[in-house]
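Below, chain A partners chain B and then partners chain C, in two separate complexes.
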Partner chain A sequence: MRIVLIGFGNLGRALVQVFAEKAEILREHEGFAPKIIAAVDDSGAAVEARGLDMKTLVNLAKRREKIEKYPGAKAGRSALEVIESVDADLVVELTPTNIKTGEPGLSHIRKAMEAGRHVVTSNKGPLVVAFKELDSLARKKGVEFRYSASVGGAIPVISLARRLMSSNEILEIRGILNGTTNYILTRMEEENVPLEMVVREAQELGIAEKDPSLDIDGIDTAAKLLILHNAVLGGDLKLSDVEITGIRKVTPEAIRLAKEAGYALKLVGVARRGELEVSPKLVPLGHPLSVGGTLNAITFKLDLAREISIAGFGAGPMETVSSILADILEIHRSLG
Partner chain B sequence: MIVRMVLELEDVPGQLLRALEPIAKFGGNIQSIIHQRTKKTPTGRVPVMLVFEIGDKVRLNRVLEELKSRKIMVREVGEKVYTLRSTVVLIGHVVHADIRLLIDRLNRISGLSVSDLSLLMGEFGKESSARITVAAEDLESLQRALVELEDFCRKKDLLLIKSVEGAG
Partner chain C sequence: MRIVLIGFGNLGRALVQVFAEKAEILREHEGFAPKIIAAVDDSGAAVEARGLDMKTLVNLAKRREKIEKYPGAKAGRSALEVIESVDADLVVELTPTNIKTGEPGLSHIRKAMEAGRHVVTSNKGPLVVAFKELDSLARKKGVEFRYSASVGGAIPVISLARRLMSSNEILEIRGILNGTTNYILTRMEEENVPLEMVVREAQELGIAEKDPSLDIDGIDTAAKLLILHNAVLGGDLKLSDVEITGIRKVTPEAIRLAKEAGYALKLVGVARRGELEVSPKLVPLGHPLSVGGTLNAITFKLDLAREISIAGFGAGPMETVSSILADILEIHRSLG
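Right, the complex of A and B next:
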C-alpha cells in the first residue's frame, strides 16, 4: 500500500515507529507492507515513489526532527501539491486540529478524495466542520474514509457503534471523552483542592495544554460528541448545536458532597438523535462511566442489548496510533 | 396506594406463595419482592420485603387480616413508599440564593419529598455547594422536581449538576 503521510508531529512520528516495529507481524499476519511514498509537514516534503527509507524516517521521528531534514526533501513543498501529484492509495491526515475552520486538514482531505485516494485521519477539525460533506464526497468518489482515532483515542468507539447498529437501534450515547478534564476532576477528588491548582499540575505533567480552555470549557468533548452523533446517529449538526457547560465552576466541595452520596463528578457528553449536551454530571461509583485518571469511557444505550460500555485511553500518541493503524488495516483488507 | 411490607417467613417451600395469595385476592399488584436471606432471624425466619399497589386502606386491612389468619408474621407495614430517588449538586452562591425557598417549593410537589440536604461552604467569598436528594413516588413527580430545580438554578445563576441515571 502506497501511503502519503501528512503531518509529522507526535502522531505522524508514532505511526512511522509503529510501522517499523510491527513490520514483520503486519507482513506475515495481514499481508500488509506499507510504503510511505511521501511525508509532508509544515517544513516541507520528502517524496520517493519506491517508498521512503523507513530507518531514516524512524530516526527523524526519534530525534523529533522535521521532514525537511530527510535527505533530498524539498523545503516548503506543500501538502496539497503532494497529495495531487503523488500517485498513492491512501492519504493519512494527521495535522493539528482546528475546530473552527477545520484547516489545514479539511483542504487536505478534500483534495485527497478528489484525487481518488482513501483517507484515514485523526483530525477532529475537518469532521466537526464538514463531516457530511466529506462523507458524501467519499461515497461519490468511491473511496474509504476512516476516522476512528478522532474520538476516544485508542478505544474503537466508532467501529463498535457500527457493529452494534447492525442489530440494535442506538438510543443514546454517553461518554467521558476528554482525558484531561477527567484527570483534573479525579485529582480534585483525591486531593480536595481547587481546579486551578490541579490544572497547573496537569500542565506540568503535559496532560493539559498551556491554554486548557478547550478541555475545561467542554469544547473538546463537544467536538467528539458531535462527530459521534453525525457519524453514528446520523445528521448534520454543528458545534453550535451542542449545549455546553464546562467544569470551570466545579468546586472541591461539590465533588466532596457528590462522593459522600456515592457519586463521582464527571464531565459527560450525552447524544440522542438531534440532541447534544455536554455538562458535569453525577456518575454513581461503580457505574461504567466512573473511570478515573485520564481514562475515557463510552456507554451505548440500545433497544435490544440495553447497555454496552467500553473504556480505555483516550489520548497519547501510541494509543491513538492503535486506532489509526486499525483503520489503515481495515482499508487494506477491504482492498483485498 | 403503594405499600411496603416486611414479612417473616418460615424457610420452607410454599411459604412465599401463601403470603402472596391474599394480596392478589384483594386486587393488589406486586411491584417487587426481595428475600433478605442474609438477614435471617435467630429463629430461622427469612425477612421478605414486598412492595405492592392496592386500591385502598380497606383492602389493605383485608390483606392483613388474611395474613394473620394464615399465621404469617407481618413485621412492618408502611403506607407510602418512595421508590425513586434522585440526587443533584448545586454550585454557586447557594446560601444567598435562599435555598429554603427551593426546599419549600420542592416539598409542595405531590408525591415528592426532599430527603437530604447538605451544604458545604466554600472559602470566604467563594462559591458554596449543596447536595439535594429528593424521593418520589413516580417518575412524573421526579421530573417536576427537576424542572423546579432547573428553574431555580437558572434564576439564581447556580450550576445544577444532575445524575446520569434517572429522570432528566
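Right, the complex of A and C next:
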C-alpha cells in the first residue's frame, strides 16, 4: 500500500516506528507491506516513488527531527501539492487539531478524497467542523474514510458501534471522553483536594495542558461526543448544538458525598439522536462508566443488548497509533 | 438467506421474534431477508422450502410451544437428517449446552459444515470439546463459522478481539465471564452475608440454577475462558488444562477487607497463550473489570493500546440474540 503521511509529530513518529517494529508480523499475518512514498510536515516534504527509507524515517522519529532533515527533502513543498501530485492509495492525516476551523486537516482530507485517495485520520478538527461533508465526499468518490482514533484514542468505539448497530437500535451513547478531566476528578476524590491543586499536579505530569480550559470546560468532550453522534447516530449537528457544563465548579465535598452514596462524579457526554449534552454526572460505583484515572469509557444503550460498555486509554501516541493502524488494515483488507 | 434453525428454547424463540420485529429495518438497512426453511427441536421438525410462516412461528414462540405444534410438522424427523437434506445457506445451532460431550450440538455443526452450510451458534459445548476441529473443518469446507454468543452473551468480545489483534499483540485476556457468580459476590458485599444465603436469593430470582455448582465452582467461567483462548490466542487446550478455583470459600469478611483496601473481589479467568486459570482475584475499584451485579467484563492486555475492556450482559435471551443476529448479518454481508 502506497501511503502519504501528513504530520510528523508524536503520532506520525509513533506510526513510523510501529510500521518498522511490526513489519514482519504485518506482512505475514495480513499480507500488508506499507510503503511511505511521501512524508510531509510544516518544515517540508520528502517524496520517493519507491518508498522512503524506513530506517532513516525511524531515526528521524526517534530523534524527534522534522521532515526537512530527511535526505533530499524539499523545504517549500506543501502538503496539499504532495497529496494531489503523488500517486498514493492512502493519505494518513495526523496534523494538529483545530476544532474551530478544522484546518489544516480539513483541506488535506478534502484534497485527498478529490484525488481518489483513501483517508485515515486521528484529527478531530475536520470531523467536528465538516463530518457530513467529508462522509458524503468519501461516498461520492468511492474512497474509504476511517477516523477511529479521533474519539477514545485506543478504544475502537466506532467499530464497536457499527457491529452493535447492525443488530440493535442505539438508544443513547454516554461517554467519559476526556482522560485529563477523569484524572483530575479521580485525584480530587483520592486526595480530597480542590480542582486547582490537582490541575497543577496534572500539568506537572504532562496530563493537562498549560491552558487546561479545553479539557476542564468540557469542550474536548463535546467535540468527541459530536463526532460520535454524527458518525454513529447520524445527522449534521455542530459544536454549538452541544449543551456544555465543565467541571470548574466541582468541589471535593461534592465528590465525597457522591462516593458515600455509592456514586462517582464524572464528566459525562450524553448523546441521543439530535440531542447532545456534556456535564458532571453521578455514575453508580460498579457501573462500567465508573472508571478511574486517565481512562475513557463509553456506554451504548441498546434495544436488545441493553448496555455494552468499552473502556481504555483515550490518549498517548502508541495507544492512538493502535487505532490508526487497525483502520489502515481494515482498508487494506477491504481492497482485497 | 435460507436458514435452518436447530433448537427452539429461549434463544430459538427469541431469535424468531427478533426476526419478525426487525424484519423491515433488516431489509432496508442490510438488504437482509431471512427465510427459516426448517425449524427443529426435540419434538420434531417443520420444513417448508419457501420458508415457514413467520406469524405461526412467532405465535408458537410466544406461547412457548414446541415445533411439533407447527402445522404439518413431522414428529420423527431428526435435526441431523434435516441439516443434511434441506438446501440451506446457514444452520443456526441453539440446542442446550453439554460441555462434557458437546452433544447434540457438536454432531449438528459437523454435519452442517460437511454439507457446506455456514454455521452460527451460541452453544459452548461443541466449542469447549472440539474448537480446533470445527475451526479447521470450516476452513476446509470454505464455510463461515461464528460463535460470538458463546462467550459474554451480548458482548461482542470475539469481534473486538479480532479488531484489536490486527494492530496489537494480545498479551493476556482477563474476564469476569459468569454473571451468576458476579451477582453473588456483589450481593455478599452489599449485604455482608455468607455465600449460601445469597445463592438461595439468586435461585429464587432465577439468576442461579437449582444446582449452582457449574457457576460457583468456576466451571462455566473456565469453559468460556477456554473458548476465548483457543479462538483468540490460538491453540487446542482442553477444559482439563484450566486450573480452577471457585468461590465457595469466599467469605463476606474477605470481601469487606478487600473493599476497605480499594479492591473488589471477583471470580476472574486469566488466559495467556497455553496457560489458563480461574480463581477469585482482587480487582482495583475504578478498574473496568470492577463491574457489579450480573455484568460480565473482559480486559485485553495489549502491546500498543495497553488495556481495552468491554462489559455488558452475559446472559438473557434478547441480549444473547443480539450477538447471534450480528453474527448472521456478518455472514450475510460477507456473501455480499
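For the reader, a short list of remarks on this structure follows.
Everything below uses one rule, namely that the second predicted complex is superposed on the first by the 336 of 336 C-alpha atoms of A that agree within 3 Å, B and C clash if a C-alpha of one lies under 4 Å from a C-alpha of the other, contacts with A are read in each partner's own complex, and residues count from 1 in each chain.
By our rule, contacts are C-beta pairs under 8 Å (C-beta built on N, C-alpha and C of every residue); 3 or more make two chains touch, one makes a residue touch a chain.
Everything numeric in this text was worked out from a predicted model, so none of it was measured.
By the touch criterion stated above, A:Arg174 is placed in contact with chain B alone, chain C being left untouched. More residues of chain A are in touch with C than with the other of chain B and chain C. Contacts of A:Gly293 after superposition: chain C is touched, whereas chain B is not reached. Touch criterion met: A:Ala261 reaches chain B, while chain C stays clear of it.
Applying the stated contact rule after C-alpha superposition, one finds that A:Val283 touches chain B and leaves chain C untouched.
Using the contact criterion defined above for the overlaid structures, shared-chain residue A:Lys249 touches chain B, although it does not reach chain C. Overlap of the chain B and chain C interfaces on chain A comprises residues 284, 287. The touching residues of chain A, when paired with chain B in their complex, are 174, 245, 249-251, 253-254, 256-258, 260-261, 263, 265-266, 268, 270, 279-284, 287, 289.
Interface of chain C with chain A (complex): residues 18, 25, 30, 154-156, 159-160, 163-164, 166-169, 186, 264, 285-288, 290-293, 295, 297, 302, 304-313, 316, 318-319, 321-323, 325-326, 329-330.
Within the complex formed with chain A, the chain B residues making contact are 87-89, 91-92, 116, 118, 120-122, 126-131, 133, 159, 161-165.
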